[in-house]
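Note that chain A is present in both complexes that follow, paired respectively with chain B and with chain C.
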Partner chain A sequence: MLAYIVKRLLIMIVMLLLVATMIFLMFRTMPGDPTASMVDPSIPREARQALLERYGLHESLWIQYRIFMRDLVQLDFGNSYFYNRTVLRVIGDRLPATLILMLTAMLFAYTFGVLWGAWMAWNRGSRLESVGVTFSLVFRSAPTFWVGLMAIMLFSVTLGWFPAQGMRTTGYVGDSFAEVFLNHDFVRHLILPAFVAGLYFLATPLLIMRNSMLEVMSEDYIEMARAKGLRDRRVLYKHAARNALLPVVTAGALFIGAAIGGQVLIEVVFSWPGLGREIVQAVTRSDYPLAQGIFIIISALVMFMNLVADVLYALLDPRIAYR
Partner chain B sequence: MKDEARMNARSRRSGNRQSLFNIFWSNLKRDRLALFGVILLLFFVFVGVFAESLAPHGPRDRHYDAEGTIRRLEQPSWQYPFGTTDVGRDIFSQVILGTRTALTVGFLAALLVTLVGSVIGIIAGYFGGWIDTVLMRIVDFFYAIPFIPFVIVLSAILQPSMWNIILAVSLLSWRTVARIVRSQVLSIAQRPYIKAARVAGAGHLRIMARYILPNVIPLVLLEMAFMVNWAIMAEASVAFLGFGDPRVTSWGQILHINFVSGYSRLAWWWTAPPGLAIVLLLLSIFFVARSLEAVVDPRLRKR
Partner chain C sequence: MLEVQNLSIEYTTEDGVLKAVDDVSFNLDRGESLGIVGESGCGKTTVAKALLRLLPENGAISGGSVLFHGEDLVNKSPDEMRRIRHRKIALVSQSAMNSLNPVYSVGHQIREGILAHSDIGRQAANARCVEVFGMVGLEEKRLSSYPHQLSGGMKQRAIIAMALSLEPDIIVADEPTTALDVVVQGRILQRIRAIQKQISTSMIFITHDISVVSEICETIIVMYGGKIMEQADSASFFRAPYHPYSLGLQNAFPSITDTAGEELVSIPGTPPNLMQQQPGCRFRERCPFATDQCRSQTPPLVKVKSNHHAACWYTDQVDDFRTRARDRDTWEAVRTRIEQQEAPQQ
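Take a look at the complex of A and B:
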């Protein structure tokens, strides 16, 4: 198991270096002045020349690539023009907000999805089952950003239940992690975006859980459990649901990549100060070092979560042997 | 009832290979949702094809009332069924014209994706060995790239245009099709008639085109239906973020202007229609795909 994790981590590092290479080439082959991706074109010429030399941008593409990779390995993504700080610091500031929103939404979606999916399979053909299927299909077909806009219109503007945007009440500046995240005001701001993101995530666990439950329920050991006279609920959650969980976990892994895309849109709609909104703004402001850095970090995040899902899969199903 | 239709489809398939369309047709008669999907999809295609004649106004025309003041943010009326925007543009016409954009991007991108994906999937699955390994590593690599951020960066580097969005969507989505087609081809390539064809002296190209391709076509069609949805959603998302083609009216662009103007909080008649159009179009394609799935064999794939 340990050897497997180490191997996967090594593959992940190689993949990340490849993704970084791709993004390096993309920014260098763009039309216009490719050095604009590393050094702010708006600063005075002498200073710019000095910086160009410092980053080696007057050198050949190959040497530039080596410098880029050397810095990358040291986690040096350069400076953001807009914030005038290192890219790494900006990312560090934005990452917790993104992670908290995403994990809350996932937790919501997976808890509801798994429980409701299992219940739906158990009560196959009932009215609530068809409601569940229709509901998840509609939310799968609805663009998240639009659901977000409608939710703001309904819950924030019309009903006034939740704040419409941001992570804290406007004007608030927190110093420490605890000050920003651990309080009532933050939770109030979190509910609506997490709910909308959760609705978007919900269809995947719900439908897969339902299908996999239907398969599990035809197995002999379920009949056995029933024959023993166990109560329905016990058979459902203790015997059937546990075994039906596996495909939900694997599908979840493949879903994470798409989930990050939805996350970007939700952060923009709710003005949530996370990585997704930041990359959109960085690209709009032509703040290329920042865009580059966030792209690489998001890729790393996706790969890491895939790895976590695979390890979880192994823990859940001892039949799986890892090489 | 649906299961009946599926069983029926499966038993017929073994008897008669040519009648994919017939199975789909008989399935339509049983499955009301699929019929609803087909009718709705045909409606959207009709609107998309004749968008220019159907739209009562140009997407950028500004409308004035009798006294010459601009019709800002008017609620829906007979004259303007979806109301007007903050600068007096007719939302109904914009939504109609957006239909064409959504369908164009959806179908072209899906076509490109399934074409590239199936060719790579068939080659990988048929040849196996190091070719398979190399191609699947490339697929793995493309799985590691986050989709929306990639499209954002790409459209920032290239000029924003509809073709670049199609390109960006295709660049990242062929991997899914390639993987699914490959796993299907792996099992087909083991069948006796493939070996027989090889012994009879058929070349690789001939075997792939004549004996393997027809067997994966239903699967590819199904996958293409999912890809249409995926591409439409991607285009809408990119346009919503403001990286879309500024010259082409699309549903995402309507919502982008709606959001940036700040009226997404008040003007429900502006926010709701493009979103509802996306939901209905995607649902209709999904229902069609689901009845295609019954043709392919429901156990073949699980999402």
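Take a look at the complex of A and C:
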């Protein structure tokens, strides 16, 4: 198992270097002028040239690439043109906000989806089952920005339960991680966007769990479990759900990877200062180092979560062994 | 100990109601071993599931009673029934290959069954697991194996061990050896038999293999189309069956005692469609001796000898039937008859 993980990690590094190359080329071939966001486009040509030289953008693609890769292997992503700070710092500022939002939403969606999905399969044909399918599909299909706006209208404007936007009340400044994220004010800001994102995520675990449960429930070992005189709940959760969970776990781990990129729409609607918003801005500003950095980090996380999914799978299913 | 009286079971399907078991009655005494034999779809597995009240959702007991120690299981609440399962009536299920949950070790699954019915604690439960594993001839270390690490025969023995773990009054074994090769099957049958005698539990053995019954059961019930065709003491049955269906079954299985080289003769045709409720004997379409009476009136189960009953109108002509049933041509005639009947419909 350990050897397998090490092997996978090594493969990951190779793949990341390939991905970095692709990202590098992608941004250079994209139209747009990186200097435009730093200075007024109407500045004299010489000043612009000086700026290009300062950032090394006048060099040939090959030299730029070599510098980029050399720095990359030292985990140096360079400075953001726009913020004039290191890319890692910018990402470091944004990532926790996105992570907390997405993980909360996923926790909500997966806990609720898995339990409800299992219950729905067990009580197939019941009214609550059709309600569940419809409910989850409505929120999966509805545009998230619309659901977000409706939620803001209902819960912030009309009911006044939650703040409409942002991550904290204006004026609040915290220094440490704890001061920023572990307080009542932050949680109040978190609930609404997490809820809306969670509703959007809900359909995946709910429907996968339901279908996979239906499949598992016709297995002979479920009948055997009942023949053993086990309580229904034990048969449902210990025997059926335990087996039905396997595909849900895979979907979940891959999903975390993708969710880290952030749900751009939700972050925009709720003015959530996360990675998703940042990535869109970085691309439009031709902020090469920042955009590259974010994409590479996201790729790394997706790959890593893939590995986590595989490892989890082996832990959950004794039939699977890695060599 | 167990009295099944006029049990009828129906399945509701998209095309209508299917009467899978019709008016089945039998008794089972302590320590007795009863074999229920029949083709696929004759209702034998349905009977087994009904005893444990584990019928699928579209199935229901539509009539009759199942008296267990004088109490009717049909009227038990789900929770009362749950307490009876495994502890009083244990199941050794049809497909041992898939009856163990792949994500738990075998020991875990046996212990789980024990702890669901008693509060003896993990230690004692573990000790019991070791004990029953010993009884079926599995090594103790195998308790921590997962199902996929065991061979088919080992899995089957593990399931038998599971059924034994609470020393139930009745073990219902539904085709327990079908998936195994003949050698393993023989060994397991002997072991089941020995253990059953040792702990004097009763057994209902459901199989399509009539030779298995001859080996281990004292009583035999032959089912066809949801009804009992013949019910007898095993010795009496295998010496001289009465029902034409039983005569056909005898031909279809090789016997060690019969002269070697004898050809096997199958019964032509297929089991009846239970969706269409028609009067008359269920076996009439495939019976070489069927008459008009068989088509219009359902024969009752009548006593032909002590401990021997058959549902045929012509049990008095059985000697003639026996002679003719041995002749391949008798059955070939049925085949021709069925083919002729089917021809115009096509």
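Some notes on this structure:
One rule holds in what follows: the second predicted complex is superposed on the first by the 281 of 323 C-alpha atoms of A that agree within 3 Å, B and C clash if a C-alpha of one lies under 4 Å from a C-alpha of the other, contacts with A are read in each partner's own complex, and residues count from 1 in each chain.
Operating definition for what follows: contacts are C-beta pairs under 8 Å (C-beta built on N, C-alpha and C of every residue); 3 or more make two chains touch, one makes a residue touch a chain.
Since we're looking at a predicted model, the values are computed, not measured.
Once chain A is used to superpose the two complexes, chain B occupies space next to chain C without a clash.
In the superposed model, A:R242 lies in contact with chain C only, and not with chain B.
Between chain B and chain C, it is B that contacts the larger number of residues in chain A. In the superposition on chain A, A:D220 makes contact with chain C only, while chain B stays out of contact range. Of the two partner chains placed by superposition, A:A309 touches none, neither chain B nor chain C. In the superposition on chain A, A:I100 makes contact with neither chain B nor chain C.
In the superposed model, A:W146 makes contact with chain B only, not with chain C. The gap separating chain B from chain C in the superposed three-chain model is 8 Å, by closest C-alpha atoms. Contacts from chain A toward chain B in the complex involve residues 15-16, 18-19, 22-23, 26-27, 29-31, 137-138, 140-143, 145-147, 149-150, 152-153, 156-157, 164, 204, 207-208, 211, 247, 251, 254, 257-258, 260-262, 264-265, 268-269, 276, 279-280, 283-284, 286, 291, 294-295, 298-299, 302-303, 306.
Every residue of chain C that touches chain A in the complex is listed here, in rising order: 52, 54, 78, 82-87, 90-91, 93-95, 98-103, 105, 112-113, 116-117, 146, 148, 159, 162. Interface of chain B with chain A (complex): residues 140-141, 143-150, 152-154, 156-158, 229, 233, 236-237, 240-243, 252, 255, 258-259, 264-266, 268, 271-272, 274-275, 278-279, 282-283, 286, 302-303. Partner chain C is touched in their complex by these residues of chain A: 219-221, 223-232, 234, 238-239, 242-243, 316-319.
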